[in-house]
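Please find the structures below.
Each of the two complexes below includes subunit A, the first together with subunit B, the second together with subunit C.
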Partner chain A sequence: MSEHVTLDIRDLRIEVDGTGNDIVDEVTLQVPRGQVLGLVGESGSGKTTVGLAVLGHARKGVAISSGSIEINGRALLSRSAKDLRAMRGSLVTYVPQDPSMSLNPALRIGTQILEVLEHHGFGSSQQERRERVEQVMTEVALPNDRDFLRRYPHQLSGGQQQRVGLAMAFACRPAVIVLDEPTTGLDVSTQSHVLATVRDLCHQHGVAALYVTHDLAVVANLADRVAVMYAGRIVEQGPTKAIFDNAQHPYTRHLTAAAPDINSDEPVIGLRGRAPAPGKRPAGCAFALRCELVTDECREQFPVERPVLRDHLVRCFQAGRGERLTPAQTPVSVRRDSESAPALQIRHVDAAYTGHQVVHDVTFDVPRGQCVALVGESGSGKTTLTRSVGGLHREWNGEILLDGVALARSSRDRPTAQRLSIQYVFQNPYSSLHPRRTVGESVSRPLRVAGASAREASHAAAEMLERVSLTAAYASRYPDQLSGGERQRVAIARALVCKPSVLVCDEVTSALDVLVQAAVVELLVGLQRDLGLSMLFVTHNLPLVRSLAQQVVVLADGKVVEAGPTEQVLTRPEQEYTQRLLADTPSIAAALAAD
Partner chain B sequence: MGILKLVLRRLALGVLTLFVVSLAVFLLSQALPSDPARAVLGREATEENVAAFRAQYGLDQPMIKQYTTWIKGLLSGEPGVSYSNGEPIMDFLGDRIKNSLFLMFMGSLISIPLSLLIGSYAALRRDKTFDNANSVSSLILAAMPEFVLGAFLVVLFATNVWNIFPATIRIRPGEPPWSDMKGMILPLLTLTLAVTPYVSRVVRASMIEVLESDYVEMGRLKGLPERTVLWRHAMPNAIGPTFQVMALNVAYMAGGVVVVESLFNFPGIGLAMRDAVRDVNIPVVQFLAMFISFIYVITNLAADIGTILVTPRLRTRLS
Partner chain C sequence: MSTVDTPPPTAATPQPVRKPDGVFKVALRMWRTRIGVVLLVILVGIALFGPYFAPYGEQEFVGQPNTRHVEGTLLGTDYFGQDVLSRALHGGRSILLLAVASTALALVFGVAIGLVAAYNRGRLDDVLMRSMDISLAFPQLLLALVALTTIGPEPWLIVAIVAITTTPRIARITRGAAVPVVERDFVGAAEALGESRTRILWSELLPNVSGPLLVEANLRLTYSIGLIASLGFLGFATRVNAADWGLMVNENRIALSVQPWGTVLPAIAIALLTVGTGLIADGLSRASAGIDRAKGDQ
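What follows is the complex of A and B.
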């Protein structure tokens, strides 16, 4: 394939400037014309750093120290700043993660697209460039009239903003395009349209695309080949199907086992620990610390890349060995106590946000001992509703009953015992723990509020930390000494320590990497089984629901669209909205079956 | 349409502010412990003389009446007569106002672009030599009182070190302030050195934030020249937050520079205010207080409108 390789990266090494510690090392990748290479990895694996290096760019404090990058045979890294500028934006372009931050708020979108063409001398006249702007707007399925081009970024929706990002990237007909998680933060329906546009444009115009992401389902649907990155190195790469069906590296196998899939009822499997940061990487294989197949050889040296099959390369001494990964625990068998009242009943609740009604007549129950998933896209009103349940939002009418007792509107008007029996776990574990309190203090705090003695409280806190698979030794640590997954475990322990009737989880995994997400889901499943927890699990992530919830409530525009047992809603949805939502959700299994 | 409505609304707010200020100024000057008649006429003045003085300037009228007369006078451009010589205030303040406005205008014309340049360049060269040197020197300048700074400049440029510029300014009555440009140089230099450190530090901070934004990185990744990235992508976003600070400093140059005026014997309103306070010349004090408030209201209004004009998110909300 080497004769039509468009993007050719060889032995790329990128360091923390001045320290010699590698962020990325020994990265060798090729992308042929018209193909999409998915570059997958956890946050901190170096995938964005590689993506930016393809444009000859390194962020502050980062330096590209060796290796080569060629585009259509032209070397990139040895160029002067002026030459590099001429290549960026025309020969090789970039689509960033967050379009709302990367479009200039002070410039009209038409100007921002046109200026790329002007600076790269596209076409021979201003007229021609203006026509190209209109043409590329059509290609990304946006209106191209004068009024639309005169809009500012804040006058567009998130999906439209990302299409403008694509238009800027495709304007000069580049040979290579780097896409850095371009659909993170978009709703699934918007994501699916943007992905379709990317795929069509790359194939039509023969662009080689490097698609950087942590989302395996997106990669399965979009990429021709996949490269898996761990701690700055490519540990496995090959055709997409081979990576998912015949993964050789234990890390890849863990990644795929951790990814929830809308079309599979297998539970997700998590993995503890975290990847070593630059400067703390071991001499041997970076994954050895977390690998179940580790040998002495692994600890001594980093394995070299070797082929498994044609086009399928892996860096592992134990490649292909090991059993199929199985879940550590049995799934929940739900006790059906039709006798006892539901833990939480929501009856005809309307909620408004500063006078504007966002939740309309919502009614559903959280039965005792069950997990109900409240699913909806952004703006569906799910957060407002759950905040009303927790008493954090006051503008609501209707009835919310906890253990059969109606709740006051605001948490301040609820008795302490009632407040303690609804517990909340928030989305972002980086801001939901008190930074100046030790883990032990945070976890024992609710018990102290309930009136327990310091001794009892710290004893119960230690016990609860064990329950969430942390050790009692964590009690004396501060949140900034913990990883994101560990913090979320602490938040769960804090919520469960006073044995609440209902646990409300608001997008608790969306700030976490896929392996950590899977581990948190496993934990919640285990806790539900062992403690008989009643849970309201709020998420926009449909595939995740499958591993966890017995019931699903689908919310759209503040109304309940569909509700029922998980299996039924996810496999035989009755409403068109749910059907469309499911169709737009990328699935690994469906993508592989389609090939 | 939208912007006009906003300007009108802000103007109305400004008028309201000035009304409140006028009340405060009037009541405070009434509450002064010294009697203006006694202060002007001297200790030996007879009761009849004092009564005549009070009748002449309407001080025997009820307070409400005095206030409305004063406001009417202000609005019709005849803000009363001076206690010290019985002449209309505007006759001798007119020139001083022109001088002060000229000083403000020239000071802004020099110090604002200079602050933008220094602040942006320091932000671009963050933590490098220029930035560090600028940071130290601007701190020293900001910490130094103006009379020290001005006196230092006088010693340096107007005495035997380099005798290049005159130490005082000479504007003859009736002549425009630009009739002695050479004399303007040292006062302007003092003001520039006093104002630029503040404004340039704010510009630097704002610029640093913008330079670290995703859209500036995106501009570079689009292959735009650094010049375009800086002036087209960064500057419009960085300048908005600095307008308020600029406005405060501009207004300060018009009314608050008593020390600089006195050092260079500059015939501006700062000195006039000082003299009027000393002489308990209440009509002049009241008028100057109102005039300085007016300048603050206008410059702040200009800053608000400027911020809206360079911020599409605010601008588009109007229409």
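What follows is the complex of A and C.
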């Protein structure tokens, strides 16, 4: 690397106190001045732990046991706690995931930024510091007038809050900045602005940035280099283009195949299983358990890092081998029987949330056997609308027809048969399953409500578990023994067990990692094909829509702005709003093409 | 699924079925809980089976009053010339039964009110919880004294009055624990299935608040024992000259310097009983809050 290396991490090992199990091991990374390194991996891969280690911090119960971290040639890990405190916020700074949690709600934002400068003794006078506050506000594209600086965090939008977080991080002109999924909670348009700000600031001020995320599309658009982490180790790193175009490690190839892209109509490909937890990692390659190219060599020892090309390193014996990943299933060929009535009709629905109208005169159909994606940013009213369909939200007017029959407002007022024919899969699989009930009990419950005997119900439940690619053995487990993806499969099985006419999926993949998300999408596509399901799929994730839905309804501020076949809406949008939404959605293909 | 879809390694070899460790199991890993359980077992044993081992009858005259050394007695006689040890062995049963009965009654009503309030929210919640707040404003002991002096020291009245004054406290804790559970999606899933309200309260909510509830029940039991002992001390025993730990403390306190056992023995019994239930409550609360969990796991 010819450029000046600002952040230099070598052989970092981070252990759980007491047990000595490695959370992170053999991590070596360099970030040159003014560059952004994207650190990607699924949850639990240790990427946040590495990010925090750059600040000389390890969370409770965890310790940095060996290796070195240098910033501008100065070692960091050997410093005293006092030195580290002085360094954090000035030499190296951190932008956390959720700005609404990280800003002090009791302090005005101007005061908070000023506090950072004062604490680190920036500038020589109060006047100079105030000027720096105004300057840094301009840098992050926020107003810098007195009125704005006197606001409290709750008076700002999520995007503005994250910009204040960035302003605090950039205030003292740090050498290194660690960003931990800073755009996760933001809408795509806000996200694209925040990302542009991060990129500009790093390039302009020569800051080395470590961008921790699970979102590959963001990384493709932002990062100069990418490092892929799996089970606490870096398995591949290289220039962004090389990682996406010429991935060598099977895991990287799986990651890119699982990431949906707005500019490509290739279906996503999922991968089952989960990464081994610290203490359960095998002696050989940690990915061997899930890898289709695995050999005995892989099981025996962890491959060392070796270069593929200049700057492109990979840790795999099978690097570059293997076919291109292809989905096994054919895409859904939808029966277009215009004869049969739509499964679900939504007619002039208005809905209010605690008195405020959030859905205005929405009309659309879910044709039988098709998947309709309801797309919108947060606050667009999509969840309120779907909860109204499910009978969980009562403040609505208009007509919702199921198989041509009008539905009562609340699920309590609907006949049992009708209730069972609309089933709902919730966003968060960690809260949608009763924690003290076995999987089998949860899945068979709808049948028991329908009047089946315990025997019939548990038999059908076991069958449905097989259907969602779990085994019948799962029936006796409790939700806390399952991974997020497995839980969501159980929730889908529970929804499908009584053969509903309409399945409502409310952001069902947003709590899941990209590989798991892809596997769940594959499952839904397969179920739609085999069972002829009619589905209402709610999401804010536009790229995902393409692999799944035949129709798209775009919702903004509670109104339908555009509706039509998926291909048409996503490639030739007519409305300005949709066009802007598509333009703001980060795309891997577009980012690579632009380089 | 797809070509690359290898079944998860766990699917082939399912883990042994394991119910998530209950609060009790976690709590029992802590020494405080174990000590509490031992104390409780001993004291409950004495209260329930003590009368069978008592050398003399409950109201049997054995010798000169307020004397430490009387032939045939271990701990001497009380203010009325009765055997202190026998009185103490007899005196736990009523206090324990009254406390358990009143706490159980309060638990039934308190849990029902708390769950209904949490699940329905809105006006019903307001009405229920505000009326609970109002009844909380009356001091427990004072209310009990008023009722007992008006109607008389009947056992059912003691149970009723302790239960009524304990109910709002339990209702409040139950509601507090149930509100976040109501917002979780599996309750929505049950509603979408059209489960009845009763079933949702009983099988969706109740099992998920049992941790904090167990703690509260234990704590309330501790307080009920104290309250009933206080009532006994103030003279509201259910029978004339009945053996009762609270009453014994009062009867014999004048002779404390001459014959301390008459006061000290029942006092120790009450103390150990409440310390026992208190330790269990503490262990349970730590277990349900997840404190010491990491330590307990090892």
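The definition used in the following text is that the second predicted complex is superposed on the first by the 593 of 595 C-alpha atoms of A that agree within 3 Å, B and C clash if a C-alpha of one lies under 4 Å from a C-alpha of the other, contacts with A are read in each partner's own complex, and residues count from 1 in each chain.
Throughout what follows, a contact is a pair of C-beta atoms (placed from the backbone, for glycine too) under 8 Å apart; a residue touches a chain by one contact, two chains touch by 3 or more.
Note that this is a predicted model, so its numbers are computed, not measured.
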Item to check | Room on subunit A for both subunit B and subunit C (clash or fit) | outcome: fit
Checklist outcome for this item: Expressed to the nearest 10°, the angle that the Cα centres of subunit B and subunit C make at the Cα centre of subunit A is 30
Next on the checklist: Is A:L433 touching anything from subunit B or subunit C once the two structures are fitted on A? First, second, both or neither.
Outcome noted: second
Item to check | First, second, both or neither for A:F148, with subunit B first and subunit C second | outcome: neither
Item to check | subunit B versus subunit C as contact partner of A:M87, first or second or both or neither | outcome: first
Item to check | Partner, of subunit C and subunit B, that touches more residues belonging to subunit A | outcome: C
Item to check | Contacts of A:E522 with subunit B and subunit C, given as first, second, both or neither | outcome: second
Item to check | Touched partner set for A:V116, first subunit B, second subunit C, both or neither | outcome: first
Checklist entry - Now for A:R274: first (subunit B), second (subunit C), both, or neither, which partner does it touch? => result second
Checklist entry - When the two structures are overlaid on chain A, which partner does A:M168 contact: first (subunit B), second (subunit C), both, or neither? => result first
Checklist entry - Of the partners subunit B and subunit C, which touch A:Q423 in the superposed model: first, second, both, neither? => result second
Item to check | Partner chain(s) touched by A:A106 [first = subunit B, second = subunit C, both, neither] | outcome: first
Item to check | Per-pair minimum CA distance [subunit C against subunit B, superposed on A] in Å | outcome: 9
Checklist entry - For subunit A, which residues lie in the overlap of the subunit B contacts and the subunit C contacts? => result none
Checklist entry - subunit A touches which residues of subunit C in the complex? => result 1-11, 14-15, 17-20, 184-186, 188-195, 204, 207-208, 294
Item to check | Contact set on subunit A toward subunit B in their complex | outcome: 52, 55, 57, 59, 84-90, 93-94, 96, 98, 101-107, 115-116, 119-120, 152, 154-155, 168
Item to check | Complex contacts: residues of subunit A adjacent to subunit C | outcome: 61, 254, 269-274, 289-290, 292, 325-329, 390-392, 411-412, 414, 416, 419-420, 422-424, 426-428, 431-436, 442, 445-446, 449, 469-471, 473-474, 476-478, 480-481, 486, 491, 494, 519, 522-523, 526
Checklist entry - subunit A touches which residues of subunit B in the complex? => result 213-215, 217-225, 228, 232-233, 236-237, 310-313, 316
